[in-house]
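One chain, chain A, links the two complexes that follow: it is found with chain B in the first and with chain C in the second.
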Partner chain A sequence: MPDSTRRRAIKHRFLRLLPVVPSILLLALFFLAPVAWSFGASFTDAALTGKAALHPQWVGVDNYARMLGDAVFPLSAWLTVVFVGASAILGQNLLGLAIAVLMGKAGGTMNSFVGTAVVAAWVLPEIVAAFAAYAYFSQDGTLNQVLGMFGVHGANWLYALPMATIILANIWRGTAFSMLVYRAALSEVPRDVSEAALMDGARGWQRLAYITLPIIRGSIATNLMLITLQTLAVFTLIWVMTAGGPSNASTTLPVLAYQEAFKLGDIGYGTAIASVLILIGLVFGAAYVRLLRGEKQ
Partner chain B sequence: MRRRARMGAALFGVLALLASAACSSQPQTNEKQTIKVVYQKTDSFTALDKVFKDAKQEFEAANAGVTVDLQPIQANDDDYGTKLALAQRSPDTAPDVFYEDTFKVRSDVDAGYLLKLDDKLATWSDWSTFNEGAKAAGRGDDGGIYAVPLGTDTRAIWYNKTVLQKAGIPVPWQPKTWDDILSAARKMKAADPSLVPFNMYAGKATGEGTVMQGFYELLYGTGNSLYSESDKKWVLGSKGFIDSLQFLKTLYDEKLAVDPADALDSNVWKKVFGEWLPQGKMGATVEGSYAPSFWQKGGAYEWPGYAQDMGVAMFPTQFGQDPGGVSMSGGWTLAVGAKSKNADLAFKFLTTALSKKNALAFDVDNSQIAVRTDVASDPGYQAANPFVKDVSNLVDVTHFRPATADYPSISLAVQEATEAVITGKRSPAEAAADYDASVRKLVGDAKVIQK
Partner chain C sequence: MTVFRAAQALTVKRPTAARAGARRARLAANSALAVIGLCFVLPLAWLLLASVDPHAGYQTRWPASPSFANFAAVLTPELLFQPLVNSLLLSAGTAIVNMVAAVLAAYPLSRYRSRFNKPFMYAILIGTSLPVTAIMVPVYGLFVQLQLLDSMPATIFFMATTTLPMAIWMTRNFMDSVPLELEEAAWMDGASGPATLRKIVLPLMRQGLGVVFVFVFMQAWGNFFVPFILLLTTAKQPASVSVFSFFGQHGAIAYGQLAAFSILYSVPVLVLYTVVARGSKFELSPSIAA
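Here is the complex of A and B:
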């Protein structure tokens, strides 16, 4: 009876799919739907107020064309790349790796102390971490008080060096994640391989560069992908610390999208910027996926 | 491939499920009627909250079975406007009665958020006590009235008499030209270099405060304006615009105003009201007629000595040309939501909240300039603070913002120009050229006029 076998197979398949239905449903509702809505809105002149709020018009690619002539958009795209490059790819990634390697050599007490200190910043909710960073860098903040004890009169960091402060704050906040990923990855490196290298006379840094790093390449790519996407989306930290200022000197794309959509009520343009941000995320994502694939071959 | 098809089928099933779920939600039928009221409340602005709480009690007692649901939004002016607009996008979240800034009335009428009140106002006898100028604040482009004003305000120079006297400047002080302001400020700086002699807001952080209590007092005193009401076009390339930026540059470069870093902190006004003026660390600032509401008893920064120590002066025109002074007016209104299911009841609540008793309480608590003639002549209003008469007289020289839908983005372009100048990024002429370029981009060449 091939028919009943087929029916049973279909039923079986359906039953197997059943457990994932709720998660697909939730993903579609809370993730795909807003993205699709936002992408659709980026081709209209949707607004918070005025005639366009009542009857949004289809304007084609006008919003995207406007970016080309906008003085702030290129600056903002560049600042986003700088922010991601400096705070995630260099800062969090390298510092996380360095701490993980050093922890592998240090003793238990030292490890738990460093581990706790680093993870503490990561455990904080973003808004709390942002206020902490603001309190640290602001004019009368912790940093300037400490400098004052040594007789140094510190600058108003958030105003004088806005990009540097938000980059440092994001490194502080995000390094724990990379550290945890690399700690796990390093513990998977087979002992006999590095011991063999040691026997062959490889120095510490040589073992790291030629043995350890190639082995954990997969973890590096995964980690880079996750922290890049996370950092691209950072908003609260920047908004609380500098609000994108002064004079747009720290306006990354998420901040710009928020300003356009909600401060100026131009939802069409705001969502267009957000769509570009998604696109940048996809490009980074695709690059890392290639890196991962290259490793498997 | 088959696997993908299966996933697609599953996804489609999910979406179909969602769609059917969305369709099956039924409108709620409620025996009890509820009026949803949305308004702003901050740690330093509780006057309206008090009025609405009183009005709620009064209204619920008079109308059995009606619940007034007060939903204060804790946010600054900018964020309040955003949250209100977001709530109005859906009938489920749109309020029945809400607090609305006068300069947003017209664009929100265009957006279909406000209910036309003409028929209802005709039946409300108190409407005739509102003065004509104030009634215009709630008028839409079609001539209908969409919002009822709570009060209005003006802007003036608030100065600390003791600080001026220490620098040898006689009080009462009334500068006649911009140069008078600069020379007085330089005298104060010379007498005490740690002082902030004369502050005007600038930069994007203070939002509308930058233009209302700063740039427009300058611009409208040069003979130029932001918008030509007769041509319905934005004015570009005016000398007044550059001169105004130059004045700000002088103030900030000579350290007569606050440090640029402080100016770009959105909380700077709290320091002006709460610390610098009361502690005698600031000579003068340009602020609204509502300034006493912060210092009077129950205010956010109580300061018993303000009535003796503070003085108020009209902001002068550039060279003292007619009419000799400049002020800016805004103010807030109450409106009924266009999507309200209980519009009649909502309007009835609005009239309760704006009754003589409640309007008087609000105008006194929040140091507003009364718009009801019966409130204006009330002795309790006139005695509210020593400055009521001075700031009310400024109505003669006051200006209103162009209440067009694109105004908020133009205002931001002005704020950006001031920020670029006080931080030294652009010269006044360059910043003015940037402004012209962004306005052209925002509204198009057809809606600008070169002066």
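Here is the complex of A and C:
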């Protein structure tokens, strides 16, 4: 191929990709730069105010060492695992699946009632959902009123059991996503497959465990991945309900990063915690990509 | 073997017994769903009842003297309209930046084969999984250094970037479903790439574009954390942030007004969601998982 033709071909190909440039610029400026900045700043003593705000000093891995020595960080990491495991992987996932399966057997009116109720909690702005959950669990809130009908005198749940309240609130808020994913997945399971199993005399739960679930395993994996990432990033719900308290009893990593950086003004330590969260997100993201690739092949 | 077993099942199980079993299963499913549905509705009861109760607390009760006093109290320019206008500016701006950038990016990704496509789409997918709350600390630092703090346009561009990976992913999927033949015919007639995009591709995928627009708009409308960190002046803050001030920041909590404001602030996204869920065959979330 003559040189000029080749150059024109390259130029042509470059011109074709030109429309992607605005997106790349936005992602580079507002995604890549903060991530890079985060890793960079996590090795300094950058602060919100004072001398260290103007001239942050390089402190090496001090922030990360402090994380391991600090009593709050390991607690916070553990609370994050509990929060994600209990509210997303168990709560939202299993409840969403159960609702989707039950909807296949129930009547149309009931389905639209439950569908609307579950989706409403999800469509509401996060802060409004958080207010509603706060009111629900507070000392003279709805939950204690319901318990009162049965003669039980409830505690102030937000202080007594902060983790349980934010877990339940996040299940309430997020189950709609899993429900929608599983409804779509179940509607694509061929009817004759489950009917053949019915003829074979398989009971309901056997059919579910051995036939339906293996068919929709791709959707299960995708759903687990996405709700894990969404739950990992939950801030507003926890901030409004317990603000991480009492005394750090519900401080998940996003709340801890916020407190260190903005309440205590320690940007260096805050970005170190944020960097850990970003790394966890990247690992899950990479796993998610592999999962989707495996499915296509 | 299966045929035999099938025949056996048919003879063993009489149809009436099977029908009774199905009816029982249906009843059980209905009652289980009724309980679940009630549990999900219960936390919303307070919101609705407190909004029409001038003496509301955190108790859920029928208002002794129901009135729209709470709504009347928040229906003032600085309490309601300014924050809602700010929310609208932020959300519409975010959605427009997203649409323009995503459509432009999706066109070559969908229409031309290139070695660049695959790695880019995978990078985009990883981008969708970045926890946005985690990057808020570094973004704040970045905004301080670039002196972008308290700037509406900068906040819009940042919010647009957080939803951009998802928007590109969805837009490309919708564009892929527009058949190439129509464009090829237009190319034959001498139409340029931008012209075919504008006149043929975009009109054919307008329903998909609507879904992307609503998806981004709703995310931005409900976003509390980003404007909470990046916008400092009260006059620029959206409803999601200003509603927080009812929540005891200026002394006692105004329960009834908090509930009334929350409802007024939620109505736009509830309406948008209903319109999209009813009017199109696309569900918002499974299009993400697809």
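Observations
Just so it is clear, the second predicted complex is superposed on the first by the 262 of 297 C-alpha atoms of A that agree within 3 Å, B and C clash if a C-alpha of one lies under 4 Å from a C-alpha of the other, contacts with A are read in each partner's own complex, and residues count from 1 in each chain.
To be clear about the criterion, a contact is a pair of C-beta atoms (placed from the backbone, for glycine too) under 8 Å apart; a residue touches a chain by one contact, two chains touch by 3 or more.
If you're wondering where the values come from, they're calculated on a predicted model, not measured in any experiment.
In the superposed model, A:Pro19 lies in contact with chain C only, and not with chain B.
Once chain A of one complex is fitted onto chain A of the other, the partner contacts of A:Gly265 are limited to chain B, with no touch recorded for chain C.
When the shared chain is aligned, chain B comes close enough to touch A:Ser247, but chain C does not. Residue by residue along chain A, chain B and chain C are tallied for touches, and C comes out ahead. Judged by the touch definition given at the top, the superposed model places A:Phe43 against neither chain B nor chain C.
Look at A:Leu229: by the touch rule set out above, it reaches chain C but stays clear of chain B.
Judged by the touch definition given at the top, the superposed model places A:Phe73 against neither chain B nor chain C. In the superposed model, A:Val118 lies in contact with chain C only, and not with chain B. In the superposed pair of complexes, A:Gln139 makes contact with chain B and with chain C alike. Put simply, chain A uses residues 13, 17, 20, 29, 139, 262 to touch chain B in one complex and chain C in the other. Against chain A, in their complex, chain C makes its touches with residues 2, 5-6, 9-10, 25-26, 29-30, 32-34, 36-47, 50, 57-60, 97, 100-102, 104-105, 107-109, 112, 114, 116, 120, 122, 125-142, 157-158, 160-162, 164-165, 168, 193, 218, 221-225, 229, 240, 243-244, 247, 255, 258-259, 262, 265-266, 269-270, 273, 277, 283-286, 288-289.
Interface of chain B with chain A (complex): residues 6, 10-11, 13-15, 17-18, 78, 82, 85-86, 89, 104, 107-108, 110-113, 203-205, 259-261, 264, 266, 405-406, 408-409, 412, 416, 419-420, 423, 425, 434, 441. The part of chain A that touches chain B in the complex is made up of residues 13, 17, 20-21, 24-25, 28-29, 47-54, 66, 69-71, 139, 156, 159-160, 243, 245-247, 262-266. Across the interface of their complex, chain C is touched by residues 13, 16-17, 19-20, 22-23, 26-27, 29-31, 33-35, 37-38, 41, 46, 95, 98-99, 102-103, 105-107, 110-111, 113-114, 117-121, 123-128, 131-133, 135-136, 138-142, 145-146, 172, 175-177, 180-181, 184, 196, 199-201, 204, 219, 222-223, 225-226, 229, 232-236, 240, 253-254, 257-258, 261-262, 267, 270-271, 273-274, 277-278, 280-282, 284-286, 288-289, 292 of chain A.
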